[in-house]
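In what follows, chain A forms one complex with chain B and a second complex with chain C.
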Partner chain A sequence: MALAQSQQFKHQGAGRDLQKDLLGKYYTDLSTANERGQPVAYLFVPGNVVELLRVFDFAVVYPEINALQCGIKKVAGPNILKAEDFGYSSDVCGYVKNDIGLFLSDRQSPFGKLPKPDLLVCNYSGCNTFIKWFEALAEFTGAEMFLLDIPYLREDEVRAEDRDYIVRQLEELAAVCSRISGKPFDREKLRRVVELSAQAEDSWSQILHMARLRPAPFDAYFEAVFFMAPMNVLRGTEDCVRYNEAVLREMLERVEHRIGPVPEEKVRVVFEGPPPWPHFRAFWELFKKWGVASVASTYAKVGGIFEYGFRHDPHHPLESIADYAMSCYTNLHWGLRRDLIQRYVKDFGADALVIHSVKSCRSFSVGQADLREVFSHELGVPTLMVESDLADPRYFQEAQLRNRVDAFFESLEHQRLTKGA
Partner chain B sequence: MSEFGAWLTSGRFEDPSLPELLESAKSLLADPSFSHVSEWKGAHGGRAIGCFPVFAPFELIHAAGMLPVSVYGAGSTIEIDHADSRMQSFVCSISRSTLELGLTGRLAPFDGFVFTSICDVARNLSGVFQRNFPNLMVEYLHMPQNTASGAVVDYGEAEFRRLLARLETLAGRKVSPSEIARSIALYNAGRRLMRDLYALRREAPWLVPTHELYLLNRAGGVLPKEMHIAMLRAALKSFKRREAKPRDSVKVVLEGSFCEQPPVELLKTLEEAGLAFLDDDFFLGHRWFQEDVPVDGNPVRALAESYLRTKVTSAVRWSGSKVDGLIRKVKESKADGVVFCAAKFCEPALYDYVPYKEALEKAKIPYLAIEFEEKMTAFENVRTQAETFVESVLFA
Partner chain C sequence: MHVAGVDVGSTATKAIVMDGNRRVVGKACGSTGASVVGAANRMFQEALKEAGLEEWEIEFVVGTGYGRYKVPFGHAQVTEISCHARGANFLFPHTRTLVDIGGQDTKAIAVGERGDIRDFCMNDKCAAGTGRFLEACATVLGLTLDEIGDVSMRSSKPLRITNVCTVFVESEIVSHLAKGERIEDILRGVHNAIAGRSVALLRRVGIEPEVTFTGGVSRNLGMVASLKERLQCEINVSPMSQYMGALGAALFAIERAENIPPGERKIEAAVAEARGGEEPGAHGGH
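The block that comes next holds the complex of A and B.
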């Protein structure tokens, strides 16, 4: 049954409507932060330490979120061109160029004017480009930069030395935040913020697990990347908890009425890689037409992997922030990425793996061809790998992509028929 | 026996012929099968560890009785047949050619491989290596970046100790602090010679052409350090004795070639076009420490501390404003300008370029930006670019 906007449903559309309100308010608040004298910190989504910043009442700006919003609103292209005119190579990340383009446009975005930063918190979980990005912003804006060094998860578990290094840096960051904001480091408040994060993580995890059901009540790639926005922007607030609970109710209702993302679920896939934001709808349509439902995705784990038990811990706030920063998807070494995808395929009953390789992000893309080898040849999971970009609209070749997607799902369908499945 | 082996056994360290010495260095780089590594293993019975650029704690590998070998891609020595299907078209050549070396069995002389956190490509390549070459000990070092943190030396030491433990397992024995101290002393001696060569070139670039210094530098990545020291001593002597006249050239600092390496012909072309290099970032990992690493006390900690505290400006280590570092480099060497020489698709170099060129424009320091690939063979465009730049500076 297709997702219908009928009176009989109490909760459908709640996630969309509430998100519109919350993010609208978030951007309105940002646009006046400088005037109101609220300190402003920029930080990255993966493995971020927003809980610590909330203790000092920073307004937080996520340049990646701005970049994806610009992508969806079709202004990333012009922003990128501005940055290229300024000297950035056509071969570097579109997110960075979008942000530089915004900076060159006096920080005017389609969602209001972005505040100038007082502090650049370069939490770099698995993306070296983050350092380059904030180094440039530090040069161009004169803002203070704190390089929060998050060791890559290069063994199977977080090493004690790594955790200790991060915790000590967090203490140092707290001192910087205190100096800039003029507020003391209130550890009790940190515990409360961390508790709110953990609550939101509980309901988010419940939502994600519901994609195990048949049919999956939502698309764990194309819809999850929408529903996850408050987890990435508002984590550590009451609003985020309230939002996730609303989405959870919406999903429970979908399950009750067997509503899914496609009229008839024919193929269940795990998705790896970021989506092409400037052509999000067109890309989704390529899959929808084959009755594809994504049941798990790695991109929705950039802001943390919560389905398998990790929670921020109010009893050990800094340690859990450190563990969180090290364990988000972008910070996992190749073998751990493979293991996670394999687990998803099994736990969520997927029939295939789809890899979207994006030029902008070598952190995601280098090693994906080896993932394809492992899944298609060694594990017997049919795997499709397609290429475009997450921000730069020039790299989206729709006809070519359609051919690849059609050929893949046609052959999958054929295999099923011949196997009598 | 390789050409270099022949030169070594000729016992001509004391009376070197520079052309002969450079030819032997060149022969090392022209061999994608690392036959000198196999020869060394045959003679010493030790193990060999490949090191992807930029930096590796070579001293720890050496102290474990192993040969550290810097593997800077394959240049134009091999065709890429297999790695293209593993690396997307937008990924740099060095990662592709290094993977190709492995996929074609040319890394067989190696027992291990070390990657560090220079960029996302190199880091992920370590994972690709782990999957494709299960017989290699592949280690990825997350080099400390927050140089301002009070915790950073502890972390750096722990990371070096983690590598040391793996080397010890491979070697089947413990490595003592005094062995590490001895290796550090040896590498200190090599770096002192390299600093002498760089200082001589800065004073008299016509005596030490960069395309020659570059070969000596690269040889240092693959030769046993003891041999490289002999080579550098001989070269320094020869350069000093050389009878060459100062040339009228535009003096520049080269920036951006810290990982993938330009072909030596490119450097020759740039010099022929009228540029003289007073500083560069080739093989920066081999010249990282600007002062001797202390050999007393805890040598592993000393290595970590020196790695962090040295004043080197590098695209792959954060230490406050890099722009200040570059401007300082230009001023200290009294250069006229800067040449950005970045490998195609090299993100760290391409990102740094923008704040750098903004700062240079503000400081009214001329610069030239060129892009290269390790396997490039046509240099006429670069020659024209360089000649135009030289004229614009000379007749400004």
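The block that comes next holds the complex of A and C.
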């Protein structure tokens, strides 16, 4: 960003630079974890229970993060082909096939060698592919797999019996972690870790709320999915708290100077669905051209919804981990997803909804056609639905996507002009 | 004043030259082929020839279709979705639902009173139910694309074509032929299958009368009949249906040209120069 070079700005680019350092260190540490004898756990991002694993000093690997990094670094395609050569169908999730491809390549990734797991914690059951994914990794590595069964959230509040059910499983998981790591379950340490998560959540929530401003100081989809990485990878650490505070300063500075992600904010949208990582830039350009600023996105909430009050609670650590696991975006019933998007549209002053549907993910994409129907026909929110894939570059057809995006914003512009007249 | 609309589609390229009274004075259509730029140039020149005009006399050109950014003489680009809606509104002002079946795309568009887009849906990344699907079927049966519609109209016992894949439908047709089924019954089934897919797409934007059918496939009478039967309503079709995108582009070009401040109009400058600085506006036009 040219802004960073300008004398006028002190904090621009700070988030990017710090993230580069922190994630660089994270991957370097991972590459030596096996040699150093540090226990390694694999974990999924949605509603994860990383705080508990930190108590036992596990190095934590997130295969979804690796998959999206491979997507950005353009190696997801070759990894996916390796998995397909091995026998996986073209319909299987692109993230899964990327990971299988990595395992077939001796876990060599563009960001270093990934460690072998000692424990596979399948912490989210809303996506049944996750279960099959870790079963495959258990087969590859012989690592122990722990299945956390998380009830689906169908009401506004988490039920007490569901919370108790998860807390009992967390106690069982703690026993497994203790056995593998050889460390006792230090409940005081858990409180400290949970406190750090809550601190990071406070600043992250402040950042997300800033997109209510006009112009929005950052793109709550295309930039938020970048800025959220430490929240997903490093939550429960001092580094994560420090990182979010740096991003907050960067955003406050943007607000002060009234600068945003596009030169002129013309259309404010809420985004649903993950981005096509292998073509991230090209996809963003399709929207930038129309002066589109995303003001809220659901994908940035897969790792938790923090704007409306949820925080990890050091006074009730396991209970709050249970609540967190149940209320991440992907674990919400369709009606709750609709309500959240509707709330975003209202609270963040959005003009339209954009849905990016993922070809190889049926469990997340299901219901998106209904969202389109409800928002465009019943709630009067113009809705664009486009489809490609989050990891498989073969599904990204730029000409077709451009056509749909252009036509949609053309029609919005036309409606605005005729309304004005 | 004259303007042009050039629609570079996946299969065919269409050009329309229009005068200031929104009358079509020249048109041309040919296959796009491998050179998008070449096709755009060729059709533009042909349309100009029909209109009896030179390129410099064209005030504004709007490019549309997949190749819209490759129209070298285009001043602006508008998607064919907007252009079809605008064109349909011009020919059939009561159009509220538009189905456009082209070479590789099927589009369902909900159209507002002013020809604006209220909603639209397109087929996924697959050519099933498009012009290519018909072309594949025609090839297997040894017929041309222009013949199959009429042949299908002779059917008395339409067959059910279940395949939605443009490639695999060929083997389904071959198996019907092997069973001794009649070509017209197979073709009726093919047309009904496409109509079924198109209507499913239309339902996603909502079907309100009047329905207008555009795109290259709308020239096929068998397809018109199948759509009517499935929708149970009348459908607007025009001999200009294939040109609808280019027509809409020309209409957008007129609007843009009219918004150019008088002193900056290209043609006025050119005329003024040609006449040694005479007042613009003296040009009689065609």
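The criterion applied here is as follows: the second predicted complex is superposed on the first by the 414 of 421 C-alpha atoms of A that agree within 3 Å, B and C clash if a C-alpha of one lies under 4 Å from a C-alpha of the other, contacts with A are read in each partner's own complex, and residues count from 1 in each chain.
Following the convention adopted for this analysis, contacts are C-beta pairs under 8 Å (C-beta built on N, C-alpha and C of every residue); 3 or more make two chains touch, one makes a residue touch a chain.
Please read all numbers here as calculations on a predicted model, not as lab measurements.
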Which superposed partner A:108 touches (first chain B, second chain C, both, neither): neither
Partner chain in contact with A:414 - chain B first, chain C second, else both or neither: second
Partner chain(s) touched by A:28 [first = chain B, second = chain C, both, neither]: neither
Chain B versus chain C as contact partner of A:88, first or second or both or neither: first
Chain B versus chain C as contact partner of A:387, first or second or both or neither: both
Per-residue touch tally on chain A - higher for chain B or for chain C: B
Touched partner set for A:376, first chain B, second chain C, both or neither: second
Touched partner set for A:148, first chain B, second chain C, both or neither: first
Partner chain(s) touched by A:404 [first = chain B, second = chain C, both, neither]: second
On chain A, the residue positions that both chain B and chain C contact, one per complex: 369, 373, 387
Chain A-facing residues of chain C, complex: 66, 77-82, 114, 116-120, 122, 124-125, 204, 206
List of chain A residues in touch with chain C within their complex: 369, 373, 376-377, 382, 387, 395, 397, 399-400, 403-404, 406-408, 410-411, 414-415, 418
Chain A to chain B touching residues, read off their complex: 86-89, 91-93, 96, 100, 124, 126-129, 131-133, 135-136, 138-140, 147-149, 151-152, 154, 159, 161-162, 164-165, 168-169, 172, 333-335, 337, 357, 359, 361-363, 365-370, 373-374, 387
Chain B residues within the chain A interface of the complex: 85-88, 90-91, 95, 117-121, 123-128, 130-132, 140, 142, 144-146, 148-152, 154-155, 158-159, 162, 318, 321-323, 344-345, 347-348, 350-355, 357-359
